[in-house]
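In the two assemblies presented below, chain A is common to both, partnered first by chain B and then by chain C.
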Partner chain A sequence: MNNSISSKQVGTLLFFSIIAIKAVLLPAIIYFYAGTNGYITVIGVLTIDFSLLLCYLAIMKRYPNKTFVNIMEECFGLVISKVLVAMILVYFAIKTILMIMSTYNFLEQVLYDEINWIYYVIVTLAFLYFVVSKSLRVFGRSGQVLFWIVFFAITLVMLITVTNTDFTALLPLFPNGAKPLVDTGFKCAVGFGDYTILIFFLGNTAYTKHSTRHIITFALLGITTIANFYIVFLCNFGYSVVNQNLAIADLTLYIDLAVSVSRLEWIAVFSWLITMVVQMSVYAYCFNQSLIYLLPQKISKHSHLILVIITGLTLIFGNFTLQNIASFVLSQGYSIFACVVQIGIPLLLLLCLLIYRIRKPHSNPPALPTNKQAIEEGQK
Partner chain B sequence: MIKVLSKLRQNKIFYTILILILIMFPSAIYKTSEGERTAIVVMVGLDVDDTRPKSEQLELSIMYLAPQSTSDINKSYTVVTALGENVSDCLSSLEAKTGKRAGLSHCALIIISDTVAQNGAMQYLDFFTRTNNLSTNSLLVVSETPKELLQAQQEESNSLSISLQNILDYNQNHQFTLDIDLESFHAQYFDEASTSFLPIINVKSGDAQESGEGGGSSNNESGANSNSSNANSPDASSESTTSDQTTSSSGAKGPAKLEIVNSGEVAVMQRGTMTHKMSQSQVEAMNLFSDQIKKGSITINNYSSHSINNADFVVELTQKSVSYSYFFADSRPVFRVSLNAKCKLSEIAAHYYSIDSISIVDTQITDSFRNVLIDKIAENYTNLINWAKSNNIDLFGLTKQYYRLYSEDWTNYLSTIPDTKNPIDDMLFLIDVKLIDNG
Partner chain C sequence: MRKLSKKYIDNVNIITSEFNNREDLVKREISVGKLHFCVFYIIGLCDAENVSKLVINPILKQTKLPKNNLLNTLQKEILVFSEISTSEDIDQLIGEILAGKAVLICDNCTSAITIQADKIKERAIAEPPTDAVIKGPRSGFVENYKTNLAAIKKIIKSVDLKTINLTVGRRTRTNVSVVYIDGIAADDVVQSIVSKIKGIDIDGVIDSYYIAQFLETRRASIFKQVGSTEKPDIACAKLLEGRVAIVVDGSPIVLTLPYLLFEDMQHSDDYYREKSHVSYFRMIRLISIFITAVLPGLYIAVELYHYKALPLKYLITLLNSTQNLPLTPLLELLFVLILFDILYEASLRMPRYLGQAMSIVGALILGDTAVKAGIISPPAVMIVALSSIALYVVPDQSAQFSITRILFVFAGGLLGFYGVLLGVLFIIFYFNDFDAYGTPYLAPLAPRVDSDLKDFLTKSDLTKMKTRPKSIPNQNHRRMK
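Let's turn to the complex of A and B:
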C-alpha cells in the first residue's frame, strides 16, 4: 500500500495539531502564569514553532523520499538514531496519554455527568488499536474531510463571541516585563511543538512544487486561528480567564447569543471532540511508528498491541488525574525534555542538510514533480 | 446477506463496533434515564440569616423542573428550600429531600438577598463559579426575599402576567446595569474597577385574586394560595410548593398573590459586596450616559415656552449614542462622555393648553429649549459624578480603563493623590452633548 500523503493532507493534519491541545486547558494555564499578556507568549511561541517548520520543509523539499530514520542513520549512525527515536517515543507516549486524559475531562465536564474511567479507557484503547494500524493515508484523508467542519465551527465560535469582546483587556503591554512571558512559554512547552508530528511524515509526503505553499498556508491558518482564539478568549473573560478550564466550550456558553439561539455551543463542543480524537490518533500513530522502529522486527508487527498495553497499563495503574498529569507536563524537567525534542530535532535535521551538502557538495536536489505527476505516480 | 456477513467477518471496523457495543451495553441498559435522576434547576435563591446557628445560616431555594403530565409547563415547576452552612451543604440537603441530583446546567438566574449582597456575595457564589455542573452563564439579581421571588415566578402561569424573564430582558436593554452575569461578575471582582451594578427585583403581596380572573385556572390560583402562605410562614426553613398542590372552590376569593416588582433600583457591588443602592432617579439619569442603552428620556419641570406656561416637558432621546474618551491633561486623568441623540418632544403636562401647544409648527425644539435640555443633562451628569465621588463608586469602570490604556501615567497619578483608594475623586469629568431635533 502506498503510504504517502499529499501536502494538503499534511497541512490539514498540521492544522489539527496546532489547534487541538491549545483550546481547552492550555489557555487558562498560560494566562495564569503569564497574566493578561499570555496571548503574546502564544504568538511568540507559535512564531518560533513556525520557523522550526521551515527546517522540516527544507529537508522535505531536498530529500522527499528520505524518512527521518533514514536521515538520522545516514548522518549519525544507528545508535544515535535509536536514542533519538526513543526520546520521540517517550514524547509522543506522554502526548497520547495527555490527549486521552484531556478528551476524558472534556467529555466528563461538557457532555456527561460522569463517565466510568475504565470503560472510557477500554473504548479509547480499542479505537486506538484499530486506528494506529492504519496507514498514514487514512489519517490524511480523515484530516482533509474533517478540516472544514472544525474550521467552520471555530470560526463561528469566534464570530459570535467577537461582539462581546472588550479589546482593552489586551492592555497594558508587559506590565511586569517580558520575563514572565518567556518563562510561561518554556513552562507550557507541552502545548506547542506542533510540527513534531512531521518527523513521521518525512519521506511519506508526496512532495510537489506547491507542497511548501500548501503546508505553510495551512500552518498559518492554524496559527492565525489559535492566536485569534486566545485574544477573543481573554477579551471575553478578562481576569476570570484563569478559571475557564474548558476554554472553547466555556466561551460559547458565556455568550448569550450562543445560548439563546438554541445552544450553538454544541457546534463547538462536537467539532472540538473531533479535533481531539483526530489529534489523539495522530499522536498514537507517531508513538506506534517509534515502537515499530525500536522493537525487534519479529515483535514490531504487534506494535499496536504493545502500544495499547503500555497506554492501558499506564492509564489504569498510573492513577492519573488531569491535574497531576498537568503538573507533570508543566514541570521544569518535562519542559526541558519537550524543548529538546521540539527544537532539537528540527535543528538536527538542518544539521543533516548541511552534512549532506558537505558530503555531496555538487549534487542538485531532485526535481520536484508537479501535482499532476504526483497523482499519476500515486495511481501507479 | 450471507455474502455481506462473510465480508463483515473480515472487517476490523465491525469488530471494533461490536466490542464497543458489548462493553457499553451492560453498563447502560439497567440505568434509569438522566431526566428521572436529575432535578433541572432553573433558578436559585440565596439568603442568609445571621441570627440562626451557623449550620443553618444559609438558605438555598431552588426552582426546578419536575415534568408532569400537564399541558401547562409552569405547573411542573417546584420551589424547594433547604438550610445549611454553605451552598454544597444546602444542595446536599435539597438532593436528599427531592431524591434527585440537582442539575444546574439550565440555571438561568441566581437571586441573592440583600443580606448576602451586603455580606459579600462571592463567598456564596464561589460554588457556582467552580462547579462544572453549572454550564450556562447565569444572571444575577438582588432581591430582599429570594425565596418569595422564586415563588412569585412559580405562580406566573398565564401569558399576560409579568414574568421575571420579561423584566430581565427589559432591564438588559433599557436600564443601566453592568456585569450582571456570573462570569462577568466574577471577572470584575478581580479587576481594577471591581464594581458591578446588579438589578434589584422585589416581591410584594398584590390584591386578592378571584378564581377564573385573567385566564388563570383554579389550579394556578390555588398554587398562589399555597405559595403566599408559605412565603408568610415564619419558620419556612424547609418546604416545597408546587403549583397544583391543592384546589380551591371556584369563585372564592384567594389570599394575596405575590407580585414581582421591578423597582428600577440597582445594587452597587464593590469587590462583590453591596455598598450602595442607586435610586430609580439615579438609574434613569445614568441611562443617559450608558453606552449600552440606546434610548432615554429627560423631563424639564416648570418650563414656559411662548405657547405654554409652567409645564413639565418630557423629551425622548432616540438613536442615542454614547462614546467615552480617556486621556490625561497635566498628569490628571480626564474622562469625557460624548452624548449624541435625536430628541423628540413626547409629552407636555400642563394645567392649560393653548392651540399653539398642539401644533406641529409650534412644538419644535427650539435652540433655547435645546440649551435647557443640555443644561439639564449636564446637571444630571454633575450630580451623578458628585454622588459617585463622594461614595467612591466607579460608575464607568474608569480605574480599569486608565490602568489598561495609560498604565504608566495612571501609576504616576496614583502616587500623587492623597487617597489612592478613591482615585476618581481627583479626576476631571467632562461632558459633550449634541442634540438633534427629531420632529
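Let's turn to the complex of A and C:
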C-alpha cells in the first residue's frame, strides 16, 4: 500500500487540524478562563505549537525516509519506543473520542431536534472503520479536495461578520496580568497540539526543497484563520462570548446580511462539520497506526476492527457525557499528559537529531528528491 | 501446434472433419495437371465472387505449375488478392476460415495460403446517438474493428501509431486491437493492458464491455474504471494524451485507459467551441452531478430532520403538500425514484410506435394522477425529476450515480445531513483510493496537478496547453512548442 503523501497534502491536513476543535466549544471555555484576552492565549499557544512544528520539519528534512518508530528504536531502543507509542495511542484515543462526542453535541444542539446516540455512534464508527484502513495518501488527497471548500466557507463567514464587529472589545489588554492567560493555555492543552499528527507522517512524506515552505504556509494560514476567528468572535459578542457554546454556528446569527440572505450560518456549519469528520478520521488513523505497532503481527491485521470495538464500547457503555469528558480533558492531570505528548515528542525528536549527529558526524543526509520525483512518488 | 502434412488429401480431410460437415463450409477442389488444390471458405463471411474470379480462375487458367516452389509462384505470379499470407498451423487456418478468409490448400505443400477475402456487410458510419455534437466531427465507430482502426489511422497519420492484435474468446475468436502511440504512451501501461487481455480465457466476447470488466482493477465497484468513446476524434485525442485505446471487433465502443473520473465531464465538442462557453457548461455538469447524487438525499434529510433549514413560507407549502400521504417521506421518495427508473427502462425497451402513447401515460401517471390521488407529493416528483434530468447531463456516469443517489436517500433518511455528509466524504475517500494503471482517479484535483487544471473545470486556450496531462503516465510531456 503506497503510503506516500506530498508536503502540500500534509499542509491541508494540518490546516484542518488547527481549525477543527477550536471553532466550537473551545472559544467559550478559553474566554471563560482567560477573560476577554483569551485571543492572546490562543495566539500565544499557537505560536508555541508553531515552534514545535519546526522540530518536526527539521527531522523530516534531515531524514525524510525515517519513520517515528525507526527513529525512536534507533535512538532509545525498542522498549522506550513502545512506551512512547503507547502514550501516543492513549492520546489519540482520547482525542478521537472527544471529537466524536463534540460532533454529536454540536449536531444535537444545532442541526437536529433529536439524534439517536446509538445510530450516530454506529454510523460514525462504520465510517471510521472504512477510513482508518486507508493509506496516508488517501487522507492527503481527500484533504486537497476539501481544503478550498472549507477555507473559503470559513473566510466568507468571517468577512461577512466584520460589519457587526466592535474591535474595542479586544481591550483592555492584560487587565489581570498574564497569569490567567498562561494558566488557560495550559488548561486547554487538549485543543492544541495540532502538529502531533505529524508523528505518523514522518518517513511517509515526499520531502523536497519546497516542502518546508509549503507546510509552513498552510500552518500559518490555519493559525491566521483561527486567530482571526477568535478575534471576530469576541468582537461580535463582547462579554457574552462565554455563553456562546457553539461559536461557529452562532457567529452569523445576528448580522443584517445573514437575515436577508438567510441560513448563512449553514455554510459555516457544514464546512466546520467537514473539518471535524476529517480530523476525527486523522486521529483515528493515528490511533490505528499506534495499535498496529503495539499489537503482535497476527492481530495487527485487524487493528481497525479492534479500534472500532474499543471506541464503540467506550462510547456506548462508558456512560460519558460531553460535560464529564470536558472536565477530564480540562483537568490538570490530562493537561500535563497532553503537554508531555505535544511538547515532549517534538523535543525528543530534536534530541534524536543530536544523537544521530553525534553518532555519525560526517555522514551526509540522503539527497532530497527533486520536485518532479516527489510529485511522482506522491502520485503513485 | 498441429501442422499441415505434405499429403494433400490428409490436409483436406483434417480441415473438413474439424468443421464437422457444416453446411455453410464451401470446399472447392480444383486440379491443374497432377497438382490438386482446395479452397475452403464459409458462405456469407467470404466474398465468393472475388474468390472465384481472383483465386480459382487464375489457377485454372494455368497449364503447368511447378511442383517445387509452388506456394511462391502462386503468391507472386498467379493470385491477384493484395492481402495473402501463409501458415502451416491447422488451428490458425481454421480460425482464418471462421473469420471469413479463404484458405487454399495446395498439393505437396506443408503450408496453406490465406486470402483476405472477407466481406461482411456493416452499417454506415453515422453520428453516435449517445454523443451528439453541435460543432465538430460527427462520424462514429461501427461494429467492424478494421473500419474502426482505419478511422483512427485516418486521423493519426504517424508511423508511431502501433497496434497489438490479439484474439480473445475460445469460440468467438474476437479480434481485439490495443492501439497506442509509441513514444507517448507509457510502456508499462501498454504491457499491463496487453497482459491482462492475453490472460482472458473465456468462451466468447460479444462486446467491448466484456473486455472492460477484465481490465477493471476493482471488480466489485459500481463506479466506472474504463473510459469509452464512440467517436474516432475523441479516441485519437485520448491517444495523443498518452492513453491506450482498445478496439474490439463487433463493438462500436472503443475503450480507453487510463481513466479519470473527470474525463466524462468533458464533452466531445468542448474542444470545438469557445472556451468561456465550455468552462461555464463544465461547471454546470459538475453541479448536475451533485444535484443528481445528493439532492434527493438532502431533500429527505430536510423533510425528516432539518425542516428548520427551510424558510417559513416554503415550509408551510411543503407541509401542506405532504400531509395525509400514505407513505413515509423516505418510502415516498424511494417509490418516486423507482417509478422514474421504471419509466426510463420502459422507454428504452418499448417499440417506437408505442413510445409516444406510453410517454403520455407515464407523464399523466406521475405528473398528475398519482399526485391528485394523494399517493405522492409534488415536491418529491419535482426533486426526482430534477435529479433524473441532471443525471443525463453526464450520460456516461448515469449508471453509477443512479445507484449512488438511492444510497444517499437512505443516508439522508436515516441520519439526516450528517448521514449525507458522511456519504459524500465516504465517496471522496473511496475515489482517492482508486488508482489504476498509474493514474489517480480524481486527478488533477487530487493529487492536485496544477498544469492539468488548464483543462479541468475551466478550459484554457489551446495555445496554452503546451504539455500533455501529467495525470496520465506518458513518455513525452511536450506536445506544442
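Assume the second predicted complex is superposed on the first by the 374 of 380 C-alpha atoms of A that agree within 3 Å, B and C clash if a C-alpha of one lies under 4 Å from a C-alpha of the other, contacts with A are read in each partner's own complex, and residues count from 1 in each chain.
One rule holds in what follows: contacts are C-beta pairs under 8 Å (C-beta built on N, C-alpha and C of every residue); 3 or more make two chains touch, one makes a residue touch a chain.
Given the structure is predicted, the values throughout are model-derived calculations rather than measurements.
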(message) Quick one: is A:Leu313 in contact with chain B, with chain C, with both, or with neither? Answer first, second, both or neither.
(response) neither
(message) By the touch definition at the top of the document, which applies to A:Phe130: first (chain B), second (chain C), both, or neither?
(response) both
(message) With both complexes overlaid on chain A, does A:Leu78 touch chain B (first), chain C (second), both or neither?
(response) neither
(message) Between chain B and chain C, whom does A:Leu305 touch in the aligned arrangement: first, second, both, or neither?
(response) neither
(request) Compare chain B and chain C by how many residues of chain A each one touches, and report the one with more. (result) C
(request) Pick one for A:Asp113: touches chain B only (first), chain C only (second), both, or neither. (result) both
(request) Using the touch definition from the top, say if A:Ser240 reaches chain B (first), chain C (second), both or neither. (result) first
(message) Going by the contact rule set out at the top, does A:Pro175 touch chain B (first), chain C (second), both, or neither?
(response) first
(message) From the superposed pair, tell me which chain A residues show up as contacts to chain B and also as contacts to chain C.
(response) 113, 119, 123, 127, 130
(request) Under the touch definition given earlier, write down the residues of chain A that touch chain C in their complex. (result) 2, 6, 8-9, 107, 111-113, 115, 119-120, 123-124, 127, 130-131, 134-135, 137-138, 140-142, 144-146, 262-263, 266, 270, 273-274, 277-278, 281, 375, 378-380
(message) Help me check something: in the complex, which residues belonging to chain B touch chain A?
(response) 12-13, 16, 19-20, 23-24, 27, 34, 38, 101, 103, 129-130, 132-133, 135-137, 181, 183-184, 186-188, 190-191, 400-401, 403-405, 407
(request) Would you pull the chain C residues touching chain A in the complex into a rising list? (result) 305-306, 309, 311, 414-419, 421-422, 425-426, 428-429, 432-433, 435, 438, 440, 442-443, 445-449, 470
(request) State the interface residues of chain A toward chain B in the complex, per the touch definition above. (result) 109-110, 113, 116, 119, 122-123, 126-127, 129-130, 133, 168-169, 171-172, 175, 237-241, 243, 246, 249, 253-256, 259
